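Look for subunit A in each of the two complexes below; its partner is subunit B in the first and subunit C in the second.
Now for the complex of A and B:
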């Protein structure tokens, strides 16, 4: 009962924070809104890049997850952690890294021209896709890996015992997981790419590669046309809602894999051909994900001497913001541990963070100076943005706990408090801390709503970097980026460590 | 005395019973898969509510009561122990749900552990126990709940023959000492013969009146001849 009450409170809060700003923006809306050719082009490009990005991410992540799940090599654990890096990497930093590899004067083009091949341009659809895959492969891989590792080891032994061929093995072992997890990941990445902002801003743009999100930003920032921004946001919201509902209701069939008693993953004999395949996948995708990061870091470290003392305040602001939104988002997510909750939670991704921020701005500006509460607006938006991740990370584990242990808890007549203390939270701990680490890192590197409101009163580290880049102080930006990345990853690793710690309670 | 007179009609679940069971007796519950054995136990333990009728234990109506108020303990097929908690804490949860365990409770825990023969395994996690030890720990947990009716939903199905026999002996001994009414679902006629003087046949959505186990399991003319498949 207590859980139900909390769930209702969390849902109400979310709906208020997400739809409140939209209503306010509509209040500001122009009455004679029309759908221009440019809008059509933006809509088409938005859908196209989102569909291609999510499809490619899922297709590439699956072989990587399979390879990682069945190969136990030195550094595997480190590699899995490293694969988390691109996703939690601040967007601007990642874009810098990708440019240094795939850009006009990047590593790849230098190689191509050295061997006499034509140079290619990263700008446009190619760049947007590259960046989106770069960000989302790790997310998809981790989700697949979690699902594969959750599969009872006994199933693999049974398959080995039956001496199944490649296809049957896939059908019996892999397909149930793919069918369960892939649509969820696909729809999440799709929704993320629908509202992707910084990537399109830096690598897209122009009439051929403008998304709805970018159009919203331009309407808000340059044209100061709140009505138009709200109009575009509504279109984006409808598209995303439709996509999410379709994918969850049609594909999201629950399959219940009973977890054994925390046994390690079973390692089986594998052929040489599959070894070659697995390690090629690991090495190629590994390089794709790691090289851009190494490139930025090596540049940045060389320019540490350019950093100034004024950087401390933004650093502390960012850490404060990150930790607060991680806790809020994760606790809030506990109120969304149902199919309905997942739909609602995912929808919040579809609503552009800029729109939520802008709406909140307009809501409070009659009562207080919005620039004085930049922290609170950013905190609210970051928590909401983290919510879908928290929900998706925790829900499978949560469902499993309930289906495995609710009867036992009832037989022991556990009340809600005892259930939370002894069973739910300890069993959920790994997912819980993963959620917090991820949201904290994302929030740490977020450069969305802060661009609209941040000023001298309240600056975050990514905003400072953005301003440095705008002022062409690239070396200093790179050096600050190294600090930002270190803190983001540091926070993430600390949470991951806490989650992996053995339970102290006995 | 446990008097059952109920029927259940819910979606695809259908089950009815009109029987009475003696306290301090062990009954085997046997029948084809899908006939309603597990549903029967779920009804008794309160996880499934009956549509109409009554469940009366020693002149007290217990249908409608939550599982914890029914004086009934149940051992499931699996997930009888929380994997992340030690044996000690798993057992303690049957007595208290506070972090601190009183001295009285401690001695209770120890005596239950010695009764099932797992003293010394307090600090192990379930995954560090053998199958037999897991069953014993689960049984100790059930004993600590101090209920007089014990339901066993094939908890020993995964154990080897000699371990299973040991567990059956243990159940028999404990049932006698503690004056328990035991209902044990089983697929194995040999189990039923070893432990239960009477057998409840569940088939065709009906819980039948208990009869002598030998009679119930008579492979050619008994009520389960089809199921036991002697041809």
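Now for the complex of A and C:
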């Protein structure tokens, strides 16, 4: 009962924050809302790149997750951790990192031209996809890995005992995980790529690579046509909702594993051939994800001496914001632990932050001056934006706990408090802390709504990085980005440690 | 001792203006020396914010608007005349606007890394740069400097602008959302040239002692770019706001502009500028669309650009 009430509150809050702004802005719309030919072209390109980006991310993340799950080598934990970095870099910094490897004068092209091969141009659809899989493979990999690691270890033993071949193993052991997790991750990445615009434009090489989000930005900032901006945002949201419903409700099937005995991970004997395959996957994708990060870090570290003392306030602001949104997001997410919850919870990333910011502004302006509550507005938006990540990370674990223990708990007439304290939370702990770590890191790197509201009174680290870039100080910006990444990793690590700590009951 | 309540002047400004690397902080302390007031900058989007706030805005002054969107801003009817003598302005064009007061200016220009290529001297030469020399520009739909370039090309090429864009397309490495992204790509060595301003090299000379970055000066003339301030009609600090408008044209303000906003101050002549600015090469003439012309032509010019670059 208590759980239901909480779920209703959480859902209402989310719908209010997502649809409220759209509705108030739509009031500005005049009669002649039109969807121009340019808008059609943008919509078509948006769909194409988002679909391809999410498909590729999922397809590449799966073998990586499988390889990481069955190989245990020194530095594995660290590797898994660093693989998540692309996801939390400020967009502009990540783009510079990618270009230092794949760009016109990047590492790859230096190598190619050294060996006399023709130069590779990243700009175009290739660049857009490359950037999007760079950002999203980490997310997909972690989600798959969490699911694989929760698979009862007994299954592997039985599969070995029955001497199942490669295909049968895939069908019986892997497919149930894929069909549950892949649609969830696909829909989230799809929604994320839908609203991407700075990256798409820069790496897309020109106006061919225009997304709907650019039209929203243009309508909002230049044409001051809020109605049109909201109208376009509504179209964007509908597309995301449709994609989400299709993938989660239609294709997403539940796993049907029975409960295991929580035995330690079983070390299988693996053939040389599979070792070669696994390590090739790990090394290739690992390099792809890590090289740009290393390049950013090595460039940034060289310019540490440029950093000024004034950076401390934005650092503290960002940490504060990150921790608060991590906790709020994760707690709220507990109210969305169902298929529908997952669909609803994805909507927040499919609405442009500009629209949410402006709409929230209109909603609160009669009660207070929104610019005096920048922190609270930013916190609300960041928490809502983190929600889909929290939901995706925790739902598989949550479903499993419920299906395995709920009947037992009911038989013992456990109250909701006892259920949460003794059964649910201890078993959800790892997913819970991972969710907090991820949302914190995300929120750390997010510029989001602060562009509209931000300013002299409340500055965050990503905002400072953008200000530095806007004041010719690229080098100092890169140095600050390294600080940002280090703190994000630090927070991430701490949460990871907490999650891995053994529960007292064990 | 009881502190007398001093009035607050609220100035809306873009982010780059109020940041600690922009002109905001030094302008604030300079003005507060004499105004017996508290100047508070509020950073963020300017026009969208003013429209959202409507009559309830707290802004007394808005600083950092651009000429290419003044028509929209004017039609909002929320500004009052600046009441300054426009003859005090030292701009490359005649200024007779009663509402918007320029506080600085520069010319749009392509800035090149001269270790990679010699800067071209005309739009035609730009087309004939070596094959591997590429430039980065900004999208006119999301960036005000990007829009200035579109208008510049339109002014020079008129009906043939689309054709010129088609020829220029292979030289354009990519198009970015805003100036910062483009300039970042340029300083990172990804492109040899970038759409920026004739005054950009001053930063590299003055701060980094780097003289290899030079603005290409085109013989066709350059599109000037003004940054403006305006008084908000609903301001309750009428007197203080007027004082700030006076301050904008005074040396106290003007002296701060070049080395913090990396542009020319609007009311000083060449010999009053810091030497790093007066030594920069400058275009022979300014080519310019009036506010009405610009707003009439913008949509079509952007469409021509988009079509040419989408092929």
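Basically, the second predicted complex is superposed on the first by the 489 of 506 C-alpha atoms of A that agree within 3 Å, B and C clash if a C-alpha of one lies under 4 Å from a C-alpha of the other, contacts with A are read in each partner's own complex, and residues count from 1 in each chain.
Criterion: contacts are C-beta pairs under 8 Å (C-beta built on N, C-alpha and C of every residue); 3 or more make two chains touch, one makes a residue touch a chain.
Source: prediction; values computed, not measured.
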item: Partners on subunit A (subunit B, subunit C) - clash or fit; value: fit
item: Inter-chain angle, subunit B to subunit C through the CA centre of subunit A, in degrees rounded to a multiple of 10; value: 160
item: Touched partner set for A:405, first subunit B, second subunit C, both or neither; value: first
item: Partner chain in contact with A:495 - subunit B first, subunit C second, else both or neither; value: neither
item: A:375 touches, of subunit B and subunit C: first, second, both or neither?; value: neither
item: First (subunit B), second (subunit C), both or neither touched by A:190; value: neither
item: Partner chain(s) touched by A:472 [first = subunit B, second = subunit C, both, neither]; value: second
item: Dominant contact partner of subunit A by residue count, subunit C or subunit B; value: C
item: Least C-alpha distance (whole Å) that remains between subunit C and subunit B when both complexes are overlaid; value: 50
item: Complex interface listing, subunit C residues touching subunit A; value: 15-16, 18-22, 24, 40-45, 47-49, 51-53, 56, 58, 69, 72, 76, 134, 139, 141-142, 169, 172-181, 183-185, 187-191, 200, 203-204, 207, 262, 303, 305-306, 309-310
item: Residue numbers on subunit A that touch subunit C, as the complex places them; value: 38, 41, 92, 95-96, 99-100, 103-106, 123, 197-198, 201-208, 210, 214-215, 217-218, 220-224, 226, 308, 310, 358, 361-362, 365, 369, 371, 451-457, 463-464, 466-475, 477
item: Complex contacts: residues of subunit A adjacent to subunit B; value: 258, 261-263, 404-405, 407-408, 410-415, 418, 421-423, 426-427, 503, 505-506
item: Subunit A-facing residues of subunit B, complex; value: 45, 47, 66-69, 73-74, 76, 78-80, 82-86, 88-89, 93-94, 97, 99, 123, 125-127, 145
